[in-house]
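The structures considered in this document are given below.
Shared between the two complexes below is subunit A, which pairs with subunit B and subunit C, respectively.
Presenting the complex of A and B:
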């Protein structure tokens, strides 16, 4: 390709495209869509932050209530307080007062994509009861109609609408000229088809890349997005590179369609059907593949198992046996204290442990499935440019399946850590009960409210960075391959 | 002529294949779910009846699980089912959520857009209709055959009507036959009690055909307007993208701005805030003292009823009132918001179709709310009976009351009766009218274009 001819042609094409009203109409519509996507993303993130703040307020309120109740009950008065409502009883505090939450805070780039955030909880209250089988029962019961249609977020605009804008601007380049008969005139000039095609599609790519990257930046700025914590700048740069690749990829697809020399109707049909396959059909097939590769275990079977264990516990003298075994395992030297086995709190701790042990394989199976589905999704996502970019945006936004699977695992670990905190204290109080005062409603001396473990919130930037790098590499690879194919096909004019 | 067209055969074949594969997959899942639910429901009933002798309140806590039965037409349109749980733990004191939503176990690609038959109809049928119809007049105009036809005295109106009818028949066969076949299989093999399945199926399929006709009309109007087939195709595809992809998402964004969804989390926090003071140790103690005073006794042993049972009855009634007020308002607000969503059908026939489709399939939010409240009514009936047993059989000297199988048998199995079709039709009247309005407006809009039809 001769640079001396290419650059003037490129400049001419740039001027021609920018002179077209259709170009400006499409770019304006795209900008509006990007801004709307940014706005809805900002609203969603604000909602998530509000939910986390509410959970924090509720935890603080429960702590305050417990301390106030402990102070009230430490004064002699004629009143009965049940052990399970007594904040000076470790068991009472754990079951009645404690409000502990596992939370998944939004990442600095959360505004980019709703991802799984609409359907997976970001705030989970820790429960010690045995009425739930799995921990992920909490959800925001919202409008199913809206959930079914999907959010209008930045990811939707970038993944679905940007390719359509590319097709609208670049999809009939050369093909329209072929239909109008102008191509014969161009072919009659002493210029290689690769130079003409390169200039036409290169100009479209330059304009579209600038519009998409600039438009996204503007949408983010208008959505109130300002600061980026350390470690996220690289991720953002890689995301921009991936986005550029995605635009170039679709321009290259337009060039390839034009290189078939079938006219504008065929080009448009091919491109729109390709778009439908890449953004709708292929992801749906990948969804089926993920379900086959990591099939979800039956929740109903787990419910049945949980009921079987509950039934077994309450049948005959099973409860006494289980409690005795549990107590012996934890306090081997208490065989001379049969009274301990009769206390409801010990009985309940033993029951919960029995229940936990039986359900552990089901819970592990569900956790493994969540991780497996996330892992397979990450691998299979590379098969479609749309899913590649979607996964990258979700990961950067922290709304991806892998982060949620990790969050579920952390929530389970947190629940275990809370139980590990309270169990020895409850047992110690049962072994050596120490009353606060004579005649007080408060029975015992638990006051370690501020020492209760808190959920460790983590926002890891590594996953987002690596996913963005992989995505940029993959998309650029596909874009260059398509451009290469088109380049080969433009070896001769076909008029 | 149309059947001989290879393009029609290919497009039709792909559509039928897509409908059958998606529908049969959903039918298999529905069968598996139904069988598993039936097995566990029977096991739950046996466990409830086979409980050891125990205090009725312990039995109330022991509780059971109930499951929402699916409409047979859920294989076409699961509607809200994947987004709302279908399993409820029935136990003392707690209005539990319906949990374990299918969508939380789905992979990240499952919401890509073609996960069920209604998605295929919503997205692919319009595309098929547009691809069938875009060349109706534009291609003839481009070839010059339209000039010949009009020159030979063929009136534009009948010409348009004949082409539209022929294409509608082709589309109806492609859409309705597989759907009726799948629906028949579902009705014959899945539980249909109370669902009025056949009338629902027939109306549902007719609505899908009507939806296809809307897009066929759009394609033919594009064909009348455009001078070339390329132009007609470009217009048709742009309209498909606008109406089937962009407008539905715009509708969600617009609805969120105009009428934000009520917060379930905040509702639950308000309920907790209302219940907490009532069940505090001080409040419980005060109620016990008030009860003794009401009966004019100083010791609970002197009461003619069981104090604990009586307080539990009072506590539950307080909780019922709080749940009714807060969750009643929440569910009503959500149902109203979903109903308002029906008006978004003005933006796109796909939005209108979604509301109509899930309503007719029996998978809309109103059916879900009906299930949740049915389960809650069942829970309350159990709690009321268990509490009454304790209250009316006062135990003296610290003895605990024990009940046995006679009491457990008094509780009937949970039976869910879906809302009737007439109620579903009333719920979907706005989006159904809007769908009809789309067709009527397009038909009206095509008349001047037909009159002005030029070669």
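Presenting the complex of A and C:
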């Protein structure tokens, strides 16, 4: 391509596009949509942060209440407290005072995409004593490959509306000239069609990339996004590269449509149908494929199993047998203490362990499905540019299915770690009850409030960075392939 | 020493499917000559122009512009050729001046505003129209911008496709004058037309295209307008006298 001819033409085409009123109308509408998307994202993130802050306050308040109660009951007083009112009782504290939360904090780029956040909670209270398979009882895991017309967030604008803006601005380049008869006069000049097409679509790409990147940055700024923690700058740069590739990819599609020389109406029809296939039909098919490849186990069956395990425990003398077996396994030397089996605390611990063990296959099945669906979604997402970008934005925002599956697994593990912390202390208190002082209302001597395990909150930058890199590579690959095809087809004029 | 022809078509054959558009067309055009190609619709006039511009490749024979094979090196051939189509279509949102500069840029020329105005003036476009959007231009005004684009190119060959069709008499007369002036500067002009009146006014030679070749070449100055018309119809009907 002759550089001496190309650059002046590119400058001229830039001027031509920027002088069109339609260009400014489309760019203005896109900017408004981006800002609205950013606002939606900011509101969602603010809501999540508020919920997390509320959980944190609740945990702090319960700890403070427990400590105050423990201090109040640690002096002789003529009163009696029950174990569920007594924070010095390890079992009582665990079940009736402790407020422990599993928390999935928003990532630094959470404003970008709501992803699965509207159906999956960022905060879950850890509870004991229920026969349930699910950590989150009200939410269903979704497939990230199945793009849905979700909230009007930045991801929606970038994935669905940006291609339409590209088509509106670049979709009739050359094709409109062909319809108007200008192409014949253009073709009569001593210039290769590739130079003309390169200048026209190159100018459109430059304007659109600047508008989309600048618009997204402005939307983020207006949404109150300021600081970027260490480790996220690379992710942000890769995301910008992926976004540029997505825009260039659609401009290349416009060039390819123009190279068919079918006129403006045909070009627009082809491009809109392509948009529908890439952003709606293909993701829907990929969503179905994910469900086939990682079929979801029946939640109804799991709920039914939960009920059955409760029935089984309380049927006949099953509860006594289970409790005896559980106690023998943990404290082999207590066969001469039949009274222990009768204590409600031991009985509850044995029952919860029975529920946990019996429902473990259902729990593992749910977890395996969540992880499997997330893995298949990540693989299949690469088959459509829209799902590729969607998964990247979700991953950067921390609202993807894979992160939620990991969060659920962490929440389960956290619940087990809390049980492992309290169980030996409860057993020790049952074996050798020791009051804090004579005449104190405090029944026992549990005071390790600050040693209770905390949920390890994780904001891993690696997954977002790798997904953004993969997405940028994939999208640039597709964009260059389309541009290459268009370049080949522009070998001659069709006049 | 013989003057090298600007345009030389030798035994050119062009077929579309089973239909023969040109069947051995020979045509030579020298610098400063105005050649009118007459023929009914479908005679092959536009095919001939498309071959010279390199939009089509001949099935046999050769098309040379300034010795350059237009079939194998169309861009080099077009660099020596300016073309004004029957309907000059311009970017409607741009002025005549901007359209002229855009097409000059396409041709690899960097012309400033003053030079562009000179060409528009030479083409006969009124100065008050130079900066107006071309969407409001009449056919004649668009034609004049087309002429200005051609003049700016300063090529050795000028191709005109039905140049006076749809122009009012005064615009057509002005156009004739512009073409003659270009020829006097040494430009070879090939025009495909039906307008026998302007042919007689402008052309040095007339070729009657029939059966895919030049059936006869006529010196238009030897005939009155009515005689030229009678002769043209007779050639087409095969009644040669």
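Keep in mind that, in the parts below, the second predicted complex is superposed on the first by the 469 of 495 C-alpha atoms of A that agree within 3 Å, B and C clash if a C-alpha of one lies under 4 Å from a C-alpha of the other, contacts with A are read in each partner's own complex, and residues count from 1 in each chain.
One rule holds in what follows: contacts are C-beta pairs under 8 Å (C-beta built on N, C-alpha and C of every residue); 3 or more make two chains touch, one makes a residue touch a chain.
A quick note: this is a predicted structure, and the numbers were derived from the prediction, not measured.
Asker: Following the overlay on subunit A, give me a clash-or-fit verdict for subunit B and subunit C.
Answerer: Fit: subunit B and subunit C sit side by side once superposed on subunit A.
Asker: Please determine whether it is subunit B or subunit C that touches the greater number of subunit A residues.
Answerer: If we count touched residues of subunit A for both partners, the winner is B.
Asker: Check whether A:481 is in contact with subunit B, with subunit C, with both or with neither, and answer first, second, both or neither.
Answerer: So A:481 meets neither subunit B nor subunit C here.
Asker: Looking at the overlay, what does A:160 touch: subunit B (first), subunit C (second), both, or neither?
Answerer: In the superposed model, A:160 contacts subunit B only, not subunit C.
Asker: Quick one: is A:221 in contact with subunit B, with subunit C, with both, or with neither? Answer first, second, both or neither.
Answerer: neither
Asker: What is the C-alpha-centre angle with subunit A at the apex and subunit B, subunit C at the ends, nearest 10 degrees?
Answerer: That angle rounds to 90 degrees.
Asker: On the A-aligned overlay, A:180 touches which partner chain: subunit B = first, subunit C = second, or both, or neither?
Answerer: A:180: touches subunit C, not subunit B.
Asker: Can A:299 be said to touch subunit B (first), subunit C (second), both, or neither?
Answerer: After superposition on chain A, A:299 lies in contact with subunit B alone.
Asker: Just subunit B (first), just subunit C (second), both, or neither: which does A:458 touch?
Answerer: neither
Asker: After superposition on the shared chain, which partner residues are touched by A:364: those of subunit B (first), subunit C (second), both, or neither?
Answerer: After superposition on chain A, A:364 lies in contact with neither partner.
Asker: For A:431, decide between first (touching subunit B), second (touching subunit C), both and neither.
Answerer: neither
Asker: Please work out whether A:287 is in contact with subunit B alone, subunit C alone, both, or neither, and reply first, second, both or neither.
Answerer: first
Asker: Which value in Å is the smallest Cα separation between subunit B and subunit C when the structures are fitted on chain A?
Answerer: 16
Asker: On subunit A, what residues does subunit B touch that subunit C touches as well?
Answerer: No residue of subunit A touches both subunit B and subunit C.
Asker: Which bits of subunit C are touching subunit A when the two form their complex?
Answerer: So the residues of subunit C touching subunit A come out as 50, 53, 55, 75-76, 78-79, 81-83, 85, 87-94, 101-103, 105-108, 110, 146, 149.
Asker: For subunit B, which residues count as touching subunit A in their complex?
Answerer: The touching residues are 33, 36-37, 39-40, 43-44, 47, 50-52, 54, 58, 62-65, 67, 79-80, 83-85, 87, 89, 91, 94, 96-97, 99-101, 103-115, 123, 127, 228-230, 233-234, 237-238, 241, 245-246, 248-253, 255-256, 261, 263-266, 269, 276, 280-282, 284-285, 334, 337-338, 341, 351, 354-355, 365, 368.
Asker: Report the residues of subunit A in contact with subunit B in the complex, numbered from low to high.
Answerer: 33, 36, 40, 43, 51, 54, 58, 65, 69, 73, 79-82, 85-86, 115-116, 119-120, 123, 131-132, 134, 136-152, 156, 160-161, 164, 168, 179, 263-265, 268-269, 272, 276, 279-281, 283-284, 286-287, 290-291, 294, 296, 298-301, 303-304, 307, 310-311, 314-316, 369, 373-374, 376-377, 380-381, 387, 390-391, 394, 400-401, 441
Asker: In the complex, go through subunit A and note every residue touching subunit C.
Answerer: Touch list, subunit A to subunit C: 4-5, 8-9, 12, 16, 19-20, 180-182, 184-192, 196, 493, 495.
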